[in-house]
Structure formats: C-alpha cells, structure tokens
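Contents: one structure, followed by commentary.
Think of it as A, B and C in the order they're written, each chain with its own count starting at 1.
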Amino acid sequence: MTKYILWRLAGSVPLVLGIATIIFFLVNLAPGDPTLLLLSPGMNQEVVEQMRANFGLDQPVYIRYVKWLGAMLTGDFGYSFSHSRPVLEVIKGVLPNTLILSAFALVIAFVTGIVLGTIQAVRQYSLMDSTMSVVLLFFYSMPSFWLALMLILSLSLYARNVWDWPIWFPASGMTGVDHEFLSFAGRIQDRVMHLVLPTLSLSLVLTAGIARYMRASMLEVVRQDFVRTAHAKGLPERVVVFKHALRNALIPIITLVGLYIPVLFSGTVFIEMIFAWPGMGRTLFDAIFQRDYPVVMAGTFFFALMVVTANLVADVLYAVVDPRIRYE
Amino acid sequence: MSAPILSVRDLRTWFYTDQGVAKAVDGVSFEVRLGETLGIVGESGCGKTVTSLSILGLLPQPPARIEEGSSIRFGGEELIGLEANKMRALRGNEISMIFQEPMSSLNPVYSVGNQIAEVLRLHRGMNKKQARAEAIRLLAEVGIPDPDRRVDEYPHQLSGGMRQRVMIAMALSCEPKLLIADEPTTALDVTIQAQILELLADLRGRHGMAVLLITHDLGVVAEVCDRVVVMYAGQVVETGTVYEIFADPKHPYTRGLLDSLPSIDNPGQRLTSIPGTVPTPTHWPAGCRFQERCAQAGDGCEVAQDLVALDGADRSARCWRSRP
Amino acid sequence: MKKLFVSTVVFVLAGCGGGDGAVVSNEPFCQAVLPAVDAFMARARAENPVPDDPRYGGTAVVGSIGELADGMNAAVSSDATSTQHQQFVNLMTLLDYDENAVPRPYLAESWDISDDNTSITFHLRRDVRWHDGEQTDAHDVAFTYVTVTNPLTAFPNSAFWDHYVKGAEGVEVIDDFTVRIHLRPHAEFLDPFRTLAILPEHLLGDVPPEQLKQHPYGTQCPVGNGPFVFVSHSAQDRWVFQANPAFPAGLGGRPYLDRYVYRIIPEQTTLLTELLTENIDVYVAPAPDQAQRIVDDPRTTLMRYPYRQYVFVGWNARRPQLADPRVRMAITMGTDRGRIVQALLQGYGTVANSGVPPFHWAFDEELSGSVTYDPTAARALLETAGWSDRDGDGIRENADGLPLSFSVKYNNGNQSRQDVAEIMQAQLVDIGIDARPQVVEWATLLQQINTPDLRDFDGVVMGWVVEYKLDDMDLFHSARIDQPYAWSGTSNPEIDRLLERLNSTTDRDEAITLWREYQQLVIAEQPYTFFYFPDRLDGVNVRLKGVVMDTRGDWLNIREWYLDPASR
C-alpha cells in the first residue's frame, strides 16, 4: 500500500511540472502585459519601458522560463506585480481561505448527497423519492453563481429586512468587521455565520449530483445477489442497507471525489467573487486579467498540485473501501 | 414416519407486471421431513427458484404476491403472513438458504469470517471473539484447509468451490432445521461439484436437517436426493422417490428429461432433447401445459390435467396416460 | 471520533485564514516601522483624550469593488480610489480645494507665487507629525517631488510635471518648513498638489526609485500623517484604519470616527445587499439601476454628483471609413444620446459633447445643444460626403464600393459600454451604417488601441477621467500622435495651437474664451462621439452623518464623518 502511494506520488511530479510549463507559456504568450494596465495619461514610451524593465519583462520568454523554473524549485515564486509582495506570501494569505471553503463544501456535499441518495434508493418510487428527484434536479441545473445570488437575496436581504427572521446571514466576507474584538466563542460563531452562504452555494450543486449518482449506485447494488444473501441470513433492513449495500455503492462515488475537486475549485472563483471571500480563486482570476504572471503561475501550480493530490487521495480511498483493489 | 418439517400446500405465487399476471408458481404442494433430501427438478422458467424464495419470503411483494389459499407451514407454523421480525428470526437460523453463484452471493468488501460471524452474532448472540472462533471451526467443518488464515480473507481470494463451502458454513452456522439449496453446484466444475455434494450429504447426515435441493441436473438428483418433485410450467408434474422416478417415470416430461441424459453405456449416440421451449408464465396454455412438446400428446390433453395419486407413498403424476 | 471531528473544525475555523484582520507583515521594513507607530500612538492617545462630544466614536465601513492596488504609495499608484485614500485618509496633500475648486491650505498653511509664475514657495504647518512621531517637514516634500519627477520611478501621472522643472533642480529646501518649487508658467499649476500626497523621506528616502513599486510600504505598512492611522490590510478583503489622536487641532483634531474599514467586495449585488442589511455604511459607485432601491429604503440615502469621467466612442480616423469628419459627425447625429442617458443611466448623467465636464468653469453651456439627434440631417450629410446605398443592401458604400461598415470594440465585463455599443448599432442601421459591436478582453484591448503601430480598432467604447486641470494634449495634439493615447489620430493645426496656448494661459478669463473656441473645434472635428458624463453615485446609511461628497471626491471629508450616537 505504501509502495503504491509512493509510486503514484513520484508519477505526479512530472505531471505537475508539465502543467506548470504549459501555463507559463500560455500566460506569457498572451497579448498584453502588466504595464498596459498601469498606463496613464502622459506616460510616454520610456516610462512604459522602464516599468517593464522594473518587472523583468524585457527579457525573452525562454530566459524568463528558465529563471522561473529554477527559482520555483527553491521555493521562490517571485514577486507579485499587482500585490507588491512576494508571491508565496500572497498565496499563503489566500490559499487557506479557499481550502476551508472547499473542504466544508465538499464534506457537506458528500455526506448529504450520500444520505439523500441512499434514502431515495431505499424508498424508490415513493412520493419522497420523486419529489427529491425533482428538487435535486433543480439544484443540479442551477449555475452556482446564480444560486449564490439567490441565497444572498433571500437569506441575507429578505430574511433581515422583509421577512424579519431571527437569523439572517452576512452577505459577504470571511469575518465581520469587529472580528478581532469578539470572544473566542464569538469568533467561532462569526466564522460559521460567514461560511454558511458560500458553502451552501458551492455544495448544493454538488450534493444534487452526488445524490443522483448515489441513488443509481445503491439501486444497482441492492439488486446484487449478496444483498439477497444478507436478507436470507435474517439481517434487519437497516443492516442490509448500511452495512452490506452502502459500502459497495460508495465505490463509484469515490470516483466523484477525484472528479469534483477541480469542479469545486473552478466554482470557487465565482463564489469568492460574489461573497468577497479572500481566496485563491479570486486572486488567480484577478492576476490573470492583470497579467500578474508570477501569481498566475504560482496559483495554477498550486491548483494543479491540489487536483493531483485529490486524485491520489481518491485512489487511496478506493483501496481502503474495496479490498479487491488492495491486493492487486 | 415423522411429521414433515416443511409443508407446502397449493402455493401460488403470481407476479403482477405490465405484461400481465405471470403465474410463476401455480398450485404447488410438497413436504419435506427432517433427515431427508427433497429434490425439485425442472428446466429454467418452471418456477422452482420462485418456490424456494417464496418459502423464505424473499420476493419483493409488489410485484410478487402469494395468493390467497396458499400455505407454507414450517414446524407447524404458517409462514405466509408471518410478522416481519418473526420471519427474520427464522431466516439464517432455522431455515437457511444457499445460492447458485457463490462469487456474487458473498459481499466482496467484507472478509468471509466477518460474514459468517454476522449470522452467529445475530442469531446466537455471540460476541466478536466467540463468533470468530466459531467461524474458524465452521470453516474447518466444511473442509476448508488453513481456516485461521482463510477466515480473514476476502471472497475474491478464494476459489469457486471454497466460496460455496463458505456459503454452506454460513448457512449451517445456526444449525437450521431446513436448508434450501438453490442450484448449489451449477456454477462449479464437475470435480468440485462432486465434493460439494458429498459435503452436503455428509452434513445432512451429521446434523439431521431437512434439505430442499433445487436443480435442473438429474445427475445431482441421483447423487443426493431421497425424493423428487418434478416441476413444469409452474406446476408439479410428478413426485416420487428417486428410484421410482428414475426406474419408472410416469410423466412424459420426466421421461424426456431422463432420455436427454447422456449415457456412458452408449458413447457416440446422438442426444435426444425435448423439442420446443417452456411457455411464458403470463400465458400458460390451456389444457395440459406440456402438450405442445409432448411426444405422446393425444385427445385427453385438451383438458387441464390434475395431479393424480399413484401407487406408492407420495407417488403422483399429472398425465391422463399415467393413470392405472 | 465525533469529538475529534468537532475540535478539528473549531481549530481550523479559529486559526486559519487571514480574515481576522490581525495580519502583520513579516517584511523586515514593516517589522521595524510598526512598533514606532504603536508607541507614538499610545503616547498620543494619552496626551489627547477623547473630547466629551457624543459624536466621537464608532466604526464606519465603506464597501467598494476595487482593491487599493498600490495602497498608500503615492509615487506609483494610478487608481482613483487609492489616490483618494492618500489625499483624505492616511496621508496629506499640500492643499485641497473648496466647493468652488479654489485651492485652500492643508499641509501647507500658505504659499507664495512669484510674479512671473515660475516658482511656488510653500510654507508648511509645523504641527503635523508622521504616525511614528517624526515631524513632517520640507525634506519630505522635496523628497516626494524629486521622486515623482524621476522617470525611474514611473510615476503614472507624469503628465502633471510636463511644465515643471524636474528632479532636484526643481525643488529647493529653504528651511525645515519652507520649500520652493520651480516651474514654467502654465494653467492650473497648483492642481497636481491637490492630489499628490507627501511621502515620508525618513522611511523611503533610501529606496532606489525603480524599486518603489514593489516596496511593502504602500500596501503592508504605510505610515502616514493624515487623520487616520493604518492598522491592517488583508489582501482582497479589507483595509482597517483608526483615528489619529495627534492630528493637528488647527485642522479639526482627531476625526470623530474611532475606526474606518474599507471593504473590497467585487460583486455589485452583494454590495447592495450589504448596504441594505446595514453591514456597510457606504456603497461607493452603485450601478444606476440600483439607485432606486437606495432611494426607496428609509435606512439609506443616495448621494449624487457630477463626476469627472466621460464615456465616449473613439474613432480611428486612420481608417478609410472614418477619415472624413462629416462621417463622424453623421454618426453622432444618428445616435440618440439623450435617450441613451435616460435608458442606461436612469437619468443619472449628462450628455457630453466634448471632454469638458458640465460643472467645470471652462464649460460652454451654449455649445451643449450644438449636435442634436437628427437622423435626416445625418443621412443628408452622408450623401454629401459621398456615401450612398448603391447596392440596396441597406448599408452605404462610397464611390469605390467600400461599405460603411466597421466594428466598435468594448471590454468585456462592462455592461454599460456593451449597451452603448449595441444601442449605437441599432440606431446607426437606420442611417445606413453597419457598426458591429465586438467584445475584447481588457488587457488585450488596451494593447490593441494603445500600441502606436498597431491601432487595431475602428471604434472603441472607452472612459476617460479628467482632472480639474484639463489637458487634452495626449488625446488630440499632433505632436503626440505616436503616443499611446492618440487613439483617433486626427491632426488639426488649429486645435494644436489652442491646446498649446491653453496650457500656458494662467488668466482664467482669457482661458474661458480659448476653451470655447477649443470646444467648438472639437465638436466640428468629432474625433470621438462623446456620449455622457455619468453622475457619481454613493449609497450612504442614514446613521452616518456629516458626509459631503462631490466632484472633489467621495472620501472628501471623512475626518468629519460621524455616526449617530443612538445607532452605535
């Protein structure tokens, strides 16, 4: 098992480097450069050239690539044009925020999706099954950013101003303005309140997809012979479903972990913009438009790293859940 | 003769589908006693598996339905309409079942020991340690070598024969009074078949249980069964001891089945087969259901045939030609 | 197991992420500088107790789309919001303007202008201290001046200094609080000092100019001398400032607010929601269609003032279809700009005919009606210019068969510019012109229009911000035709002459006449189809009082803002 993990890890290194190289060339060969965005009236060409030199953009692309690669391997990701800080500092500041959001969304999506899908499968053809299918299809079809805006309008604006609910959620940010003045418990609560809407926006769409897959998977598993054997042994329904059927039904769902992580990350860009969440997605997005090359490359590199890791985790999970894979 | 442990009377299990009502089991009756092996024989589609599943109540009640007037009595207790938790208490405990495909009938993600122990902990109230020890003992009893190691292995690590032994171990773990074996050897090699059948016979001898063996293979019947019930198109067409059936089959279908067995005495001889196929359960033909395929069809076949008692205990046949 | 899960969650929430505002930069520069600030502030608080006035106290939150890209680094920042924070919040400028755009003292308590208009002598206040306790003096002013006039710094608004003597030669430190600046006579020469915030020489004096842009001072540990002291900045999220107790009593003393937080929220719907749920007190620049909600809600008021930005479609006169001014005039006449202002801006704007804003003293009221929406006249004009529909396809061609068809580019993400392009297309079809909208990504578009040899566009929808000192030299003067901003490429010697004279004319009455002539010429030339000057809107919560916002800026009098005590 350890050998398997190490082998996969080793295989990921050239993969990630390859991705980073492609990104480098794509970004650097795109039209426009950071100086254009800083252009102002009266700036003549010398000033622009000076700026370019200041950013190190006067050298040819392949030299820049080699320099960048060398620096990256030592952990130096360069300096951000738009943030005026070392790139690593920038990323260290925003990456955890995205990870928190993604992790919560992922966990909630999977847990809820699995539970809902199982209930649906066990109660197939019932009214609950049909209603849930419709509701889930609705959320599955919704773009996450639209959902986000609807949630803001309903659970933040309307809840507070129109419907007078006792609880309403803040529409943006990771923390409140007076966060540092709150007690420890107060700070936790502040964080949670700010997490609710963005996490919901991200996870609702995922939950719907996972529930559908889970339902299908469960239905298939429930028809298998060993489920009949379990019944024939006199096991109660609960045990048959949650011990025998569930674990087998989870196997294809694990594939989704690997598939959904990139989806999650790309979705977070929208969510971070809408909720003013200071995360990686937004930083990367802004960096692209500002042609802040060092940030774009470092950001993409880290995303690639995370996707590769997620897939590795999925592979390990397979082996954990399905013994047939373990001993291959 | 002791009272039968299982007594099936006029069992009718019908399936309500969009294509109509499939009368898969249409008035079947038989009895099994402790210490004896009853074989139910017939081609696929004749209703034998549905019969066995009906006994344990393993058919989903829509679309299946056991019709009014059917009766399945086990140890004197009526099983049809029995409360769910009482039924569950019987399953795996007093009545056990083993199935045809041991690979798919065992859960691939749990060890075989886990799956055996499960039954022990459920019905015999053992704790983890006790159940594991007992599982090892059972594995040894069904003839699996090196049971201490095997108990933690997964189904895919065992051969077909060994898996079936595991199934048997699982089924016998709570000393059931009735073992239902649905085509237990069909998926196995011939040599393994023989071993499994021997094991079954041996265990039956030691534990004294009743065995209901369902098969399409007359060779198996000859090996292990004491009495035979031949089924065709949802009905019993002949009953008798294994000797009576083999020596003097009364129903043309039974004769056809016997004739189609290859004989070691006549190598090179062309095999006879019964022409035609089993009719569909939604549309049983009127009159004798075997008529279209029967070599001896005649005028008396237009009417539906009754099961008529013949000489001998439990000897009967559903053919007007068999009447004395 | 469950307990482990819950405690992990709590740990993660409590510890992770930079959103709790207590981010401290680990740049050595900042590590060195910030303790001095803390120490001085502690002393200042002790020495200047909060006056017994209920208006003091509270936190005001302002929400806006843009991050302050270069922060408080006045030498390199180019966006208007950062500049306002330098002018009004964290730093100080030498002077500012009153409501009539008349300069009045701020950091400089007075100034003398030499008779020949070649030098300004500023006399600085003596009671202004940097937030780390150092005195603000003439050396800071000299340092700032030399830095921004140094080409190595790449000060974005280098056009400010065109008529100034640059570098060390242009500035003289007479004594600790007196500094003299040398220039060549020109119009509105005090205007740059309204926006240029003075930087601390004792902190930045040793930094090589070309490294200023990357310096952590601007965004991680600015040390100012203005009414608010920098507390923290978490990237993409917020800036936090607190009141400066040592702010000169002569300028009003410390501001009423205890704290001021600037929040960056990129989505307008979210901003509106935050304003209406009272999570932010000011929403800077809402979209015109959100204005009505702000007006209707009793918790908020809408502030509105004419803004120094206009939207236009710039024509590339180098293209054969657009070379003839008559064609350009016909395009303008064929577009109902008044209706567009009504529809797109909900009336929050004025039609523009030139780059002179309606509120400016140089604005000629009479000229505002000179080009009206007149499709008939437009068609006639096009016929005269030799464009008719010769093949009956609805689009005019010239004698050579070239169709009057071109693209109008705009940058993606900007809904109003897209609307302008699309409405224009619909209206121009009526007079036989095919003007196709084309969306281009922002940085790519800039490259296409700004690269002198490239000029890859026919028409482009753009915006332009003007200062009080109007200067269209970069746009229309022939000498600048190969510089980035000469988009239209028109060359008119009369306009050149006027631009040059306007730059050097210091007498306002003389200038007004010249401006009128200039505007007439520009209208006749039609290098652009000027569309509108949008009003600047701000949504303000009624509990925030004393807020004054006008063309001088949104944060204009932030040190006089206070929160209704009942609402705190």
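Note that a contact is a pair of C-beta atoms (placed from the backbone, for glycine too) under 8 Å apart; a residue touches a chain by one contact, two chains touch by 3 or more.
Since the structure is predicted, the reported quantities are computational estimates derived from the model, not experimental observations.
Participant: In terms of CA centres, which chain lies closest to the overall middle?
Facilitator: The most central chain here turns out to be A.
Participant: By mean C-alpha position, what chain is farthest away from chain B?
Facilitator: Most remote chain from chain B, centroid-wise, comes out as C.
Participant: As a quick test, compute the distance in whole Å between the mean CA positions of chain A and chain B.
Facilitator: Using C-alpha averages as centres, the distance is 54 Å.
Participant: Give, as an integer number of Å, the spacing between the C-alpha centres of chain C and chain A.
Facilitator: Between these chains, centre-to-centre, one finds 36 Å.
Participant: Roughly how far is chain B from chain C, centre to centre by C-alpha average, rounded to an integer in Å?
Facilitator: Here chain B and chain C have centroids separated by 89 Å.
Participant: Which residues, counting only chain C, touch chain A once they are in their complex?
Facilitator: Residues in contact with chain A: 10, 12-14, 16-23, 26-27, 59, 61, 67, 69-71, 73, 78, 151-152, 154, 156-160, 162, 210-211, 213-216, 218-220, 234-238, 261, 263-267, 269-270, 273-274, 276-277, 279, 441-444, 446-448, 450, 471, 474, 483-485.
Participant: Residue numbers of chain B touching chain A in their complex, please.
Facilitator: Chain B residues touching chain A: 56, 58, 88-93, 96-97, 99, 101, 104-111, 118-119, 122-123, 154, 156-157, 167, 170.
Participant: Quick one: which bits of chain A touch chain B in the complex? Just the residue numbers, please.
Facilitator: The contact residues of chain A facing chain B are 224-226, 228-236, 244, 247-248, 321-324, 327.
Participant: Which residues, counting only chain A, touch chain C once they are in their complex?
Facilitator: It is residues 30-33, 36-48, 50-51, 53-54, 79, 81-85, 89-90, 93-94, 96-97, 99-100, 149, 152-153, 156-157, 160-161, 168, 170-175, 177-180, 184, 187-188, 191-192, 195, 273-276, 278-279, 282-283, 286, 289-291 of chain A that touch chain C.
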